[in-house]
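Each of the two complexes below includes chain A, the first together with chain B, the second together with chain C.
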Partner chain A sequence: MLLRLVVFLILLFLIGPVVIIVLFSFHESQSLSFPFTGFSLRWYSELLSNDQLLGAIWFSFKVALLTSIITMVIGTAASLAWLRLERRGRTILELACIIPIALPALFLGVSLLVGFSQARIQLSIWTIVIAHTLLTVPMVMVAMRARLALFDPALEEAARDLGASTIGTFRRVTIPLMAPTLVATGILAFALSFDEFIVTSFVSGTETTLPMFIWSMMRRTVTPVINAVSGLALAITVGLLVVAWLIAVRRRSTANALANTDLD
Partner chain B sequence: MTRNIVEIEGVSKFFGSFAALTNVDLTIGEGEIVTLLGPSGCGKSTLMRLVAGFEDPTEGEVKIAGKVANGTPPEKRPVNMVFQRYALFPHLNVFENVAFGLRVKGLGKADIADRVNRMIQIVQLEALRDRFIDELSGGQCQRVALARALVNEPQVLLLDEPLAALDLKIRQHMLVELKRIHEATGAAFLYVTHDQDEALILSDRIALVEKGRIVQIDEPHQMYRRPRTLFAAKFLGETNLVEGRIEAVGESRVTVATRNGLKIESAADDDFQTDEKVTLSIRPEAVRFVAADDTAACKARAVVVSEAYMGSRAFVEVDLGGLSFRVQLLGTSRLPRAGERVGLTWNPEDLVVLKR
Partner chain C sequence: MQQRPLLVTILASPAVGYMLAFFFVPAGFLLVYSFWTVSGFRIQPDLSLDNYISSVTSPLFLSVTWNALLIGVVTATICVVLAVPVCYYLVYVAKSKMIFYAILLTWFSSYLVRIYAWRTLLGTNGLLNTLLIQAGIVDAPIDALLFSRFAVIIALTQIYLPFCILLVMSSFSEIKPDLIAASRDLGTSASGAFFKVIAPNAVNGLIGAFMLTFLLVAGDYVTPQMLGGTTGQTTGLLIADYFRKSGNWPLGAAQAFIMFAMSAGVYVVLVTTLRATGLAPKKLRNRAS
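Moving on, here comes the complex of A and B:
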């Protein structure tokens, strides 16, 4: 009984603010406290008319999309390397992956900023993407490791034995088998990048991502538009999760299609 | 004499300083079933992987269909393999698994469907054509793995302990199936196993592997009846081993004096010197009981220690002047009781003398 109560309280603590923010994003009045006086889409329409805010959302979206694509490419390459490495190599790769996660974000931000300026690289969307990729690739590798450990190397040997070249094996067996994990990690990378704040603030230069925009907005006034922005961000995240889930469900048919399309 | 489809000549394989295979010679004839039999870690799987192309020999040559295959990648060899845990593609259904090799070769759709369906029929999986691999039982996976390999019409089918993951009952059934499929396709089989029963039932010839060397190649009954080494005698079936010295040497016959004073006459396949230390191998089923006082027939007297009745057969443990001896009887024969004095006899032709 006590256990259930604890679980319930923790869930309430976690979900409560989400519910409240979503609820108040539809609140008709300026007030951020109860009583709730009525529903309105006022803050969402205000959001849509705020060009700066829309710009920041679009910018964050671009950063997150680029980051997730680059992360998937690097993550695939690193995973394949992991599969082919001996134990010592694997340990080294894993340690290399932990370092960016373990470093304080503050330190990472400063060192990246110094690094970019030493290399005379102009701060731009690309420096942000590089910084985000540095954070997401290790995360993705950690998430992928469990799946990779289950990968049976005999499957690749079987494909070779049946006449597939190295590239054919990669396309017909390795990629289709890794695809669900890859897509899931891509989505994870997108989510991580979309709301990254600390490192971004060091390397963004004149650009403004959504979290930075919200931060600067809140320093001035607390407006319910922020609730609407949060609601929107939540909707995007949930939407992505649904997509990931649909891909997982349709795994087989997509994998089948992937394996059978004749590209050569 | 049929043509040899695989010729392995003087092959050695080192992993670092570890010699997995040492100077191995082996041939496989067209349509022949050759079994590599040996305990785990003896190098039999490595030898198979050399034929498949996953490894290359450190020394020596592997010839397939008359051509040296050293350095040829697995996808370019006219051999296909059935993997130990099948290695079926989990993202494809049964049909697509079987079709894999043909699709890679770029055959036409109709041709593929034709050949795959015929192969699925041979392994009797028609009802499961559209199932995915995780919806199949172990025995069914086994059939898919066989079909997936055989649909490519390999000149040699390599089977790496294909029945190891199956239950005893299904294993016996699959052995019969393997023989049937072998006859239906006519491919040569190179079969790796550590299970002597599988080897005896299936093989045209057995190659016994010990510590990276082939110690004997023979037909199953010859391998069982005339083992050339102590290892072979112990690895195939059960046997009673008796240590002794050569007392007399005759025309393909020797007399062995045992430690407990018995003089046993045996057939001899090797050249022996008088006084040489040897081990006699006497199979439990080669020994028969006679009346203890029948001096004409009786070759040794013993006391029954225990008996175990197993239906179709029975085992009797006897004490032969300090030597423990196991005798196998048909289940229909009279079982002597513990404590009973019995006489033992055997045919010298069924005995084997082995150098120590």
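Moving on, here comes the complex of A and C:
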């Protein structure tokens, strides 16, 4: 019981602050503390009339979409290679791909800034996408590794023994088995990119992403409009995560069913 | 499946090439830069240790680095201590995965939003002060809640705890429940099973979780900047300013590598102490299984 209470308190500590921020984004008055006097959507409507903010959201959306597409292509290829590698090759591939998330974002940000300047690459949307992909590929590798460890190579062999071509095996067996994890990690990459701030602040050109916009607001003042932006950003991330989770659960069961009926 | 090394090479090359081009090569440039010098606002290629020497002899650098290390060690310790009961519960007790999903969700909820949350909670007219006054515990708002090391550590703990929990959980999951059941059958109490079976087996995982959390926390300069007030300057902020404001990239690069070396130093000290006191197994892979 004591354990349960401790876990509950820690969970409250993790979630509480975020819940309070969202609660006060619906507050009718300027005040950010109790008593809570009433609900209102005025801070959200103020948001929606801010063109700069909408521009930042659209820009972040484009960055996140490009990041997740590139991440999925690189991540899928790397996962397929991982499946076919021996233990030592796997370790090397993992080390090369996972190191970047074990370093402070600051280190990655300044390295990239120096790298781009040496290569005379102008800072633009692409430098942001490159930076974000550097953070999302390791995450995909970690997620895929956990899933692929359960992958049974015998399924591929069986398909080939039964006469399927390499491409046929890939299309009918490998991809359906990997798809749920792939799509879920693609969405996670989108969410990660949508929220990234520190590395972005080093490699962005003239255009502003949503977190950078929130940052500039936060530095100036404390107003419920920031709560509303936060609520919006959270809603987008949470929505994406739920979609990713639903896809992972649904597709995994269909993939398993497929694998069972086809090959058992 | 080893008959097609060409296919494997083609599949692995985008990821490896990407990491080479955008991580290893830029990090190499950064290292080269740290030996260059700046004279008259121009960056000169050089092979000088000036940046390193002037950094480690600068009182400002030493004090902000001490600040970063202190915040990092305290926060990472709190995170690991809090992660242990949560992971124990999640791995061995909980039947549903809801709590795990809730924790994942907080890990992905916006970084800046969480910093902002603590700012509004701990501010002079913030929620915590208002509640304390209404409850009659204090008469006047406590200003020191915000813009202090306390504020920085509490916020960093909330931000990095989910990540730490995920790391500790993976090390707990590797311990077979059979081992615990066996020790209980042999008459060990629940807490005895934890200290005699789980802790020794998980200790390397816990060290790993501590180190990764420490690295990320000590390198986080945005949270201390927003919530730390005068105590908020850390090495990270100093480095970021060299790159964004003063343009002295070589000095910033040198300090980034010093910070890196110091983190490695913390790891060595930690592992040596734990081994010397017998708390950690001598060999890295010494699992009873």
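Note that the second predicted complex is superposed on the first by the 247 of 264 C-alpha atoms of A that agree within 3 Å, B and C clash if a C-alpha of one lies under 4 Å from a C-alpha of the other, contacts with A are read in each partner's own complex, and residues count from 1 in each chain.
In this section, a contact is a pair of C-beta atoms (placed from the backbone, for glycine too) under 8 Å apart; a residue touches a chain by one contact, two chains touch by 3 or more.
All values derive from a computational prediction rather than experimental measurement.
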item	value
First, second, both or neither for A:206, with chain B first and chain C second	neither
Dominant toucher of chain A (residue count), chain B or chain C	C
Partner chain in contact with A:115 - chain B first, chain C second, else both or neither	second
Chain B versus chain C as contact partner of A:172, first or second or both or neither	first
Touched partner set for A:162, first chain B, second chain C, both or neither	first
First, second, both or neither for A:221, with chain B first and chain C second	neither
On chain A, positions contacted by chain B and by chain C	157
Partner chain C, residues of chain A touching it in the complex	3-4, 6-7, 10-11, 13-15, 17-18, 20-21, 24, 32-34, 73-75, 77-78, 80-82, 84-86, 89, 93, 96-97, 99-100, 102-116, 118, 130-131, 133-134, 137, 141, 153, 156-157, 188, 191-192, 195, 197-198, 201-202, 211, 214-215, 218, 222, 226-227, 230, 233-234, 237-238, 241, 245
Residue ranges of chain C in contact with chain A within the complex	1-2, 4, 7-16, 18-20, 22-23, 25-27, 29-30, 33, 82, 85-86, 88-89, 93, 99, 101-106, 108-121, 123, 125-127, 129-131, 134, 158, 161-162, 212, 215-216, 218-222, 226, 236, 239-240, 243-244, 249, 252-253, 256, 260
Chain A residues touching chain B - in the complex, by the definition given at the top	152, 154-155, 157-165, 168, 172-173, 176-177, 251-252, 255-256, 259-260, 262, 264
Chain A-touching residues of chain B, taken from the complex the two chains share	52-54, 73-75, 79-81, 83-85, 87-93, 96, 100-101, 103-106, 132, 148-149, 152
